[in-house]
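Okay, so chain A shows up in both of these, paired with chain B first and chain C after.
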Partner chain A sequence: MGNPLEAVGRTVLVQVRTMGRMAIFLGSTALWTVLPPLKFRRIVGQLHFIGVKSSSIILLTAAFSGMVLGLQGYYTLRKFGSEALLGPAVGLTLIRELGPVLAALMVAARAGSASAAEIGIMRITEQIDALEAMAVNPMKYLVVPKVVAGLIALPLLTAIFDVVGIFGGYLVGVEMLGVSAGTYFSEMRNMVEMSDIRGGFLKSLSFGLIVTWVCTYKGFYTGYGAEGVGKATTEAVVLSSVLVLVWNYFMTALLF
Partner chain B sequence: MIQLIDLCKSFEQQQVLKGVNLTIPRGQVTAIIGRSGGGKSVLLKHLIGLMRPDSGQVLVDGTDLGRLRGKALDQVREKFGVLFQGCALFDSLTVFDNVAFPLREKTRLSESEIATRTMQRLEAVGLADMPHKYPAELSGGMKKRAALARALIHDPQIILFDEPTTGLDPILLNSVHRLILDAHKRFGFTAVVVSHDIPEIFDIAQTVAMLHDGIIVEHDKPEAIMTSANPIVRQFITGASDQHGQE
Partner chain C sequence: MKRLTMDTLVGLFVVVGIAALAWLSIRLGKLEVIGDRGYTITAEFDSVAGLKNGAVVEIAGVEVGRVKAIGLDRYRARVAMSINPSIKLQDDSIVSIRTKGLIGEKYVRITPGGSDMIVQPGGKLRDTEDPIDIEQLISNYIFGKL
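For the complex of A and B:
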């Protein structure tokens, strides 16, 4: 058995090296994003994959998240005789927190995992080597379109999540539990401010970057064979989800 | 012409290349033979800058690949075509799109010119009737041919073949060799073929180099290699198992 101190040191070194490599990967992605030519068709393709194809799962989770918020919000507010505040409670919760976070987690689970697996398989089957051998930059061809598409798609998906969630809350609060429709929306309009929407937008933008950056990185530096790709895919989803939740705390502390 | 000078490469504790010296003449087919896991593919990846040596030089027409980055490296790479061991066809693209890929990415040709040239290359490798198939729908031999068409599409000066016949039956093996030979006669490129198909490789190569234990132990014409007195070369060619029980 080796020296425990040595093992701790080795683990720390590996983590520091990984963080450094991830930072270089992000820097390289940023550089290749601004350098021409822009792979416009690839970006549109990825927008379809990350954005359009995630919309059904976003609609479904948004509707049920809004409905459960309506239900829980109503029962909690009723204890204080404040059912009229159901609209703002649902709206603020979705716009500030749940919309950006849940949309990002859904995109990580669906498009992020697929991206990590796709790039990972390309790595182990020498398709990335083939790109390089053809003088085609794999960062520009594979990574940049996914990251740019993530930056565009996630704020849009978040907006859809917020709107559908608010109507989910309306369905339960107004249609099922009897809160007045006028109160639900007018109180929401009074209490939700532009800064809340801007905060939610900035969060979703940063989550779009985190999810696509982590997932493409994990795929790009996958291990060997099918097991390596499987591990990279799992790590991509877990790490991007954890980073989204941690970063969300700091964004909330800074923005609101 | 490609020159390798004292090329060394290690992976953690294992030194794979221990000072490779080799000159690959222009316009000829050079075969690199040697045992599996002996570093042939690693050597091939150095020729196109996919790996960088720990020490030594790879000179392509006098340019040291190890010193090049970015666009300068890309310019040298554009001289190359590569047929990878596993074909490395893009599995989300059809055969046609795979073969057309280098032209779409690296040239300003119109789509009709690209289509004409792609179909010509597909005809040359006998795949003209299946441009819309995906790599997963092709047999091993068809994949090799599609990969060869892609490697040939931009008329490269140098083509690297990494074990082009691995996993093929003897009939397909000969057909791929014949394809390489025909393409070489037609387009006149410099070819480097990594292979352990003995003796078939001697029919298509004009020079043969044997890589063993990280160095080139013999480099000569096929006839000379076949009659070599070097015990390592003899053992490899005759397929005799060594005394340590290795296969």
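For the complex of A and C:
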């Protein structure tokens, strides 16, 4: 038990120590990314895993997000007689917020959890120690390819998400509900600025870093046994999703 | 063979992703990739309240260019517009700032003139009309300064 002050102090110390370890992990990842040689084939493999294999779920979620935005936007805007603004409403929502955030959450749930579990199992079965014994740097071999692939894949997935979502909104708004196709796209073109697209791009870039960083960290410092890996995987997905949502708020406050 | 298909898929993914990004930037973000093909003309106004960079320039309701820059020159607003090269403007054309609908966005309307002199690229149109200030009109009406 001990006294409550001690418990508070210990919790704070553990949290501070975790934050410090995560920061050092990020720093050494960055260092090993810029130091040659770059494991190019590993990066392509991870791009396949994070990017290509996530694209089907991204297409599905994007289409339905765009469609529901079209539906909700139409019924809300109709109250003010401004259905013409459906295009900008769908486009701006997707480009600024939903595209980057939902793509990041999907990647965290699909690729992030698998990465954490993969590295976690390598840790508990001492494969990481074996890599070190063979003078293969595990940071460079395991972590850097995933982080670099995340930084490349997430902006691309977000762009695909935005485009598919916009056409999903088009499907519902124009084909089903009868907004004119010209209005939908020309109003969107008038309202969407390059700064919106740049903002969404920067967001997705930072989310790519957050998701891969948190997930590889959680796997790298997993607890013992099967239970530990399970816990690390859960923590990886929860922490990266929460960080994405919190960081999204600050990005929006800074950028727009 | 397996590695080849993986490479192909990654290549396809990257190409599709970049294509999506390019579509967003060029179609929606109005990013000028091939450079600005239009020629520039300027006009001075007493006020351009509400006009933004990238606003549409129209003749008879047809888009012929966009507003490129808005600056201040001796306490008058100076608007630079990029005009489609196939459009020739007479030097007595009237440039006015109008509003789409009652609360819509501001755009620039050019009413062609009858002069034989064509404005050269980089030239200046002298006949301008300021935007109508609805608040000013209402207050004039209320306080009887019509």
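The rule is simple: the second predicted complex is superposed on the first by the 256 of 256 C-alpha atoms of A that agree within 3 Å, B and C clash if a C-alpha of one lies under 4 Å from a C-alpha of the other, contacts with A are read in each partner's own complex, and residues count from 1 in each chain.
FYI, a contact is a pair of C-beta atoms (placed from the backbone, for glycine too) under 8 Å apart; a residue touches a chain by one contact, two chains touch by 3 or more.
Note that the coordinates shown come from a computational prediction; the quantities given were computed from them, not determined experimentally.
K.L.:
Would you mind checking whether chain B and chain C clash or fit side by side on chain A after the superposition?
P.N.:
Result for chain B and chain C: fit.
K.L.:
Applying the document's definition of touch, where does A:P155 land relative to chain B and chain C: first, second, both, or neither?
P.N.:
Once the two structures are laid over each other on A, A:P155 reaches chain C alone.
K.L.:
Check whether A:M134 is in contact with chain B, with chain C, with both or with neither, and answer first, second, both or neither.
P.N.:
first
K.L.:
Can you pull out the angle centred on chain A between the C-alpha centres of chain B and chain C, to the nearest 10°?
P.N.:
That angle rounds to 150 degrees.
K.L.:
Just checking: does A:E126 make contact with chain B only, chain C only, both, or neither of them? Give me first, second, both or neither.
P.N.:
First partner only.
K.L.:
More residues of chain A in touch with chain C or with chain B?
P.N.:
Higher number of touched chain A residues: C.
K.L.:
When the two structures are overlaid on chain A, which partner does A:G228 contact: first (chain B), second (chain C), both, or neither?
P.N.:
In the superposed model, A:G228 contacts neither chain B nor chain C.
K.L.:
After the superposition, pull out the minimum Cα separation from chain B to chain C in whole angstrom, please.
P.N.:
Superposed on chain A, the two chains' closest C-alpha atoms are separated by 14 Å.
K.L.:
Considering only the defined contacts, which chain A positions touch chain C in the complex?
P.N.:
Touch list, chain A to chain C: 44-45, 47-48, 51-52, 55, 91, 95, 152-153, 155-157, 159-160, 162-163, 188-190, 192-194, 196-198, 201.
K.L.:
Could you list, by residue number, the parts of chain A that touch chain B in their complex?
P.N.:
Touching chain B from chain A are residues 118, 121-122, 125-127, 129-130, 132-136, 141.
K.L.:
For chain B, which residues count as touching chain A in their complex?
P.N.:
Counting only chain B, the residues touching chain A are 45, 48, 50, 73-75, 77-78, 80, 82, 84-86, 88-92, 101-102, 105-106.
K.L.:
Taking the touch rule as given, give the residues of chain C at its contact with chain A in the complex, in rising order.
P.N.:
Per the touch definition, chain C meets chain A at residues 6-7, 9-10, 12-14, 16-18, 20-21, 23-25, 27-31, 54, 56, 105.
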